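Chains: A, B, C, D, E, F and G, in written order; residue numbering restarts at 1 for each.
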């Protein structure tokens, strides 16, 4: 039977949405509180790793498959580049801010920084999940 | 007393010791992790200001930006270390993958034996 | 083998094996939104709006995991009353267990008689068994080592074994928690 | 000042845990010691956050409270003798 | 008044932490050490966190500290259970003066 | 012999590092006065601290350094992450095909 | 030297000792376990140096990724050094 005991599985399924939400909180509040794209993405990826450890990799792959992760990583990278190109199109320079700055300390502030962090968060999440999938899929069932 | 710098450099020396003298690829990766930890500690200590606060505007600092600038620690090394941690984790994953690959191919984790088998 | 796998398929990462409850998505959304408000600690309009979007997204990703079954049963007032009464009982058990184990630690000769005993339980649901096992583990002196799903019993490491028979162990270890948990989780 | 005194006591407890982590004969002993060390360090982080009077610092402790059991789970699965992926 | 309660809680937490750590060093085998680990986590850490939240009064600290305590309370027993099960499966013997081992007898 | 040489080298490197660090740097905790000369405000970190909240509008100054003042560095970091992921996936795919 | 710096220096020595133990232990699994303890000690040191950004990144990496990666690698190769 795949996975660990019923206790671990129940707690993992209870904690998964909250860990996901906390990662999203770290990503979105990257310009106000400590955190940002990378730690938030790692936390979201760790919530998937929690499902892998508790249920086994087949069940986790129904949530986020290998192809999903590959596509998501590309989407994150492309989003960053397009956000950078906005500045170039308006004649300033690459990655320059073109959005209004807003009031200091509000959630909608700092121009394109939160959007860039969102892209980085998606990319890091998909990247870490891909690393885990690749390392777990290779040499399955031939341990000594 | 520059205790932080000394400990950071001792960590770096410990990492180099592990990289040079240990005969196991995964143990060498652990040494690499220790080495980068030392470097991060050194860089962050370099930007510290006595009695400083974090480089984040919060609380009552919003109305006192000059006071914030006079008390906060240096943000530039922190950004540098942030980049460095990401690259560190990439290197870690890649090195561990290569170690697994080498073990499957040569049947050993000893770098000197791997070299001997190739000849 | 395949059928056995299917029998334990209460994990439900895929939709469709057991029909989803109707209000599950909405209740998950509300829980996650409350968690967001607790995390940010402000009632600003922007925070609330972004929190609603994020909570809706996370709820759509994971709404099969948090709640199962009929939603009306979850909001039975009697259950919440028992849950409220559970807190002081749990606190009292925790206090006694701590005093016990601290006495063992500080005693110079350490008069312990450890052993693993079987504790049968009548709880059926996942959350019930998990709550009982976690409560047993979180009181020092008892530790749930293995859970057996066939005959629904726990194997508990006990620091000072007073009885080996299943009836006695069930009465001494599990009953203070089980009498509340069977009402809360069913 | 009282907070710093309590911090010193907590770090003394951490020292004892590290002693068991260095000595412990088997792997589960060391994991138990490191688990206790992580929990103690979480409380130290929270106390430091209260001492510096900055509520945004508490996110760091929250990260460890969420993710600390992942490593334990992975090592437990490895010790059980089957692959981590099943 | 409220500060006195907070400092009493913090003192209890620190005492439990050091006693539990002493137990981790003193107890003879893994399963007993997990009991001491529970003393550290519940008696030491969670009581300390409650004391810190009482010390701050009702502010944005309190809710976050309570969330930390709640999640520590949820995750730690899972880790303890998993590691105890793994230890028993990987053949770590009980202490020699243990009384009974039903798990070994009934599920070999 | 080789081992002893390596050990001696490690000790030499450690002594050199500790000596350099404990003599050639200003004492720990003296951040804005790392600049040579009288004018302390010339330090890059100090200038960023003074201007960043108005220029980028972010409360977290580290964020405004990471994606505002040093955006290209971070773009490079993201590229490194991408390269690492692609390498890991390719290593295991190549190995799987060979078996 | 104030009490705060005394605590910080004690933590640094603790960090060094943990890293030394992690490198000198013969069993790789033990090394990885002790390295997790070193990681959280480094997190607390970063926290005391007023760098919460770095502390949170180090916490996420040290708690979520590094240990699991090393355990996967050990389970695919050999445990003894």
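Going forward, contacts are C-beta pairs under 8 Å (C-beta built on N, C-alpha and C of every residue); 3 or more make two chains touch, one makes a residue touch a chain.
Keep in mind that what you see is a predicted model, and the values were worked out from it rather than measured.
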Next item on the list: Please flag the chain sitting at the greatest distance from chain B, going by CA centroids.
Entry: C
Checklist line | Pair sharing more residue contacts (C-beta pairs) when B-G is set against A-D | finding: B-G
Check: For chain D and chain G, what's the span in angstrom between their mean Cα positions?
Finding: 10
Next item on the list: Let me have the rounded angstrom distance from the C-alpha centre of chain C over to the C-alpha centre of chain G, please.
Entry: 31
Item checked: Geometric centre distance via CA averages, chain G-chain A, whole Å -> 24
Next item on the list: Mind checking the centre-to-centre distance between chain C and chain E? Centres are C-alpha means, answer in whole Å.
Entry: 17
Notebook entry, point to check: Multi-chain contacts in chain A: which residues touch at least two other chains?
Noted result: 2-5, 7-8, 11, 14-15, 18, 22, 26, 32-36, 38-39, 43, 46, 49, 53, 104-105, 131, 134-139, 143
Check: Could you say which residues in chain F touch two or more other chains, in rising order?
Finding: 53, 59-60, 62, 66, 74, 81, 84-85, 88, 91-92, 95
Notebook entry, point to check: Which residues belonging to chain C are in contact with no fewer than two other chains?
Noted result: 39, 41, 133-134, 144, 146
Check: In the complex of these two chains, what residues of chain E are touching chain C?
Finding: 16, 19-20, 22-23, 26-27, 29, 31-32, 34-36, 38-39, 41-43, 60, 63-64, 67, 73-74, 76-78, 80-81, 84-85, 88, 94-95, 97-104, 106-107
Next item on the list: Spell out the part of chain G that touches chain A in their complex, as residue ranges.
Entry: 52-53, 55-57, 59-61, 63-65, 68-69, 72-73, 75-76
Next item on the list: In the complex, go through chain A and note every residue touching chain F.
Entry: 30-34, 36, 73, 77, 80, 84, 94-95, 97, 101-105, 109-113, 116-117, 120, 123-124, 127, 130-131, 134-135, 137-138
Notebook entry, point to check: Touching chain E in the complex: which residues of chain C?
Noted result: 38-39, 41-42, 94, 98, 101-102, 104-106, 110, 112-118, 133-134, 137-141, 143-146, 148, 155, 157, 159, 161, 164
Notebook entry, point to check: Along chain B, where are the residues that touch chain F in the complex?
Noted result: 1-6, 8-10, 12-13, 16-17, 20-21, 42, 45-50, 52, 55-58, 65-66, 68-69, 72-79, 82-83, 86-87, 90-91, 93-94, 97-98, 101, 104
